[in-house]
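I'd like to ask you about the structure that follows.
Every chain is named by a letter (A, B and C) in the order it is written, and numbering of its residues begins at 1.
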Amino acid sequence: MVDVDDTRQDDNAQKPISATVPPLTDEQQQSLENISKHIEVLLHASETPLTANVLKQHLSLSSKELNQALTLLQARLDTGVLSLHETASGYRLQITDRYSPLIQRVFPQRQERLSQALLETLSVIAYKQPVTRSDIEQVRGVTLSSNLLRQLFDKGWIVEKGYKDTLGRPALLHTTAQFLDAFGLTHLDELPPMPDIKAIQALS
Amino acid sequence: MVDVDDTRQDDNAQKPISATVPPLTDEQQQSLENISKHIEVLLHASETPLTANVLKQHLSLSSKELNQALTLLQARLDTGVLSLHETASGYRLQITDRYSPLIQRVFPQRQERLSQALLETLSVIAYKQPVTRSDIEQVRGVTLSSNLLRQLFDKGWIVEKGYKDTLGRPALLHTTAQFLDAFGLTHLDELPPMPDIKAIQALS
Amino acid sequence: MDIFDTAAIRIYQTPVQHLPEDLYVPPQAFAIWLEQFAGPLDFLLYLVKKNNVDLTQMPILPITEQYLSYIGELDTEHFELAGDYLLMASTLIAIKTELLLPKPETPTDERDPKAELIERLEEYAQIKAASQRLNNLVRLERDVFLAMVSIPNQDAMSAEMPSYSPNLLLDSLFKMQLQPDYQMHTINVDAVPLADRIASISRQLSTAGSRSFYQLLDKAQGKIGVVVSFVAVLELMKRHLIGVVPTEADSSTTSDTNGTDQLSSNYDIPPLTLQWLV
């Protein structure tokens, strides 16, 4: 039943981080602890990976504070099942790879089945890119769930690039090369021609 | 939203084990620790809450083992920013309430607002179920837009189940466990009581 | 005693003869203002509250007049908003008419329309209050938030990448536009979902132009697939998205069934082709 190797070092938060760093006072340690928790919250709540700059900006941190807090966060996470993952588009929290057999066994469907809501959202992005979140909501007529966008980001099928020059400067969404791969396309031109949605809409 | 019962014995790894529970061997403790991690992984990987039965089945656990592992999981989560909640359709992980203001500030788009029309429609279904479409129209005095119903279906808050034995055999609408989950209820009995008709009459 | 007299409107216990001036809303702002209400019952409730009267003692005549004078402002531009309000207006007028007529000597079984309206208003007011209580509950994704994490890397999860057909995307768009109305009956265990068939047939016809019914079938779906496809075709025809045209090519088969063998020609239905009309 227990098929996962759990014999890892427990880098507990209470331990000094490393000998090379000058020791912190209790107060500094406490403040760093709080910052690391705030980062953890934001990573859990964000639809997209968060860059160092975004984290620094939202939590008003210096680069040094951010790095220290991230180290602390990673140490705290090591006792659990998540890891801090840095990708080209920023940091995200991810279930540690060694648990993938467990996930595969319990949720075999997880990989293959795409929900209609996810496909619709992806189609709107693919055919109408670049689009904002509210463009998608407009076309689909329903509010977009964070979890759904997060799934598309996780699959690496969409990215945020640039901003629309309107109120609030919403981020623009595009599909990626991985999206083309997954659908067996080499170029966006190869997408099947779009149906005349307007005409269908007018009729039905 | 019922927190996992924390008045149970906290079989924390670090703490000495209380006298009422027979002490666990190191090996048992380690195995429990692993089970609690597996539960954490499954809760993170699942798109829906998981019931005690599903967890027991997938991880081959006895009820006692499950409860001990859940207690251990809650204790481990307490050092971070997540908490374990038991809802109508099972256990789920959510970000601890005290961080809600931070999330609302940084990701205002995650805050879902529901229109009055949607809330009223949902209330008619929740309090008077099973109801037909026209029952809702009768109570609200407004034609029901299909967009509004679609939103409720999309959120998984309502389902069609059965038909009313009248002309046209209209479908009957019910709320779902997901509806209860979203509003932090474990049972329909927990809906806020309908306001007293006497209080309503004396509007002025 | 006539409780329906205008004098029955009390504001802070003082009877008033005229409608409160502050109820005036400029016409251009009216539609926007009306959108603040969840419907005619909500609006009526507002008028009752504004007039500071007990719901059970609701004076129908003045309320009706106020209501009608507001609805009069609704111009043709906001017709879609007007429907429900006009229905309510006609109900109010019907009640008003009834009240003006002399009461019959013998009691009848008919329900008092005013009592009925008040009952509806009460029921609505109750639901409205309940919906506010519902809204005050701690709600997921407004007051508390689910924790989101990513699943392990693709390559760690599985060696072979699943590959999807681009038609999945297209079908999803058709489904989005053409999904059967929720009012329609749905088969509980549908091995072949109707929405999927509608989407697939629409995609095939919109790209190919026309096809025979047989060509549109997904042979893997068996008998139930044929039945669901047929329903899908009917649904699309109802929406004027597709039409039926006689097949041209095989005139040879129909030409030899002339006059002489009428009986057999009755059974010999020429094959039909389905065509995309958009």
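The criterion applied here is as follows: a residue touches a chain if its C-beta (ideal position, glycine included) is under 8 Å from a C-beta of that chain, and two chains touch if they have at least 3 such contacts.
Since this is a predicted model, take the numbers as computed values, not measurements.
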item	value
Per-chain Cα centre nearest the global Cα centre, belonging to chain	B
Chain of greatest Cα-centre distance to chain B	C
Interchain centroid distance [CA atoms averaged], chain A/chain B, Å	24
Separation of chain B from chain C, taking each centre as the mean of its C-alpha atoms, in whole Å	29
Chain A and chain C, separation of their C-alpha mean positions in angstrom	37
For chain B, residues contacting two or more additional chains	44-45, 82, 95, 103, 110, 112, 150
Of all residues in chain C, the ones touching two or more other chains	141, 145-147, 149, 151
Footprint of chain A on chain B - complex, ascending	30-31, 33-35, 37-38, 40-42, 44-47, 58-60, 76, 79-82, 95, 99, 102-103, 106-107, 109-110, 112, 147, 150-151, 154
Complex contact set, residues of chain C against chain B	38-42, 45, 48-49, 52-56, 83-84, 88, 120, 122-147, 149, 151, 181-183, 185-186
For the chain B and chain C complex, residues of the former touching the latter	1, 44-45, 82, 92-95, 97, 100, 103, 110-114, 116-117, 119-120, 122-124, 126-127, 133, 138-143, 146, 149-150, 153, 160, 163, 169-171, 181-185, 191-192, 194-195, 197, 200-204
Residues on chain C engaged by chain A in the complex (per definition of touch)	141, 145-154, 156-158, 161-178, 202-203, 206-207, 239-241, 278
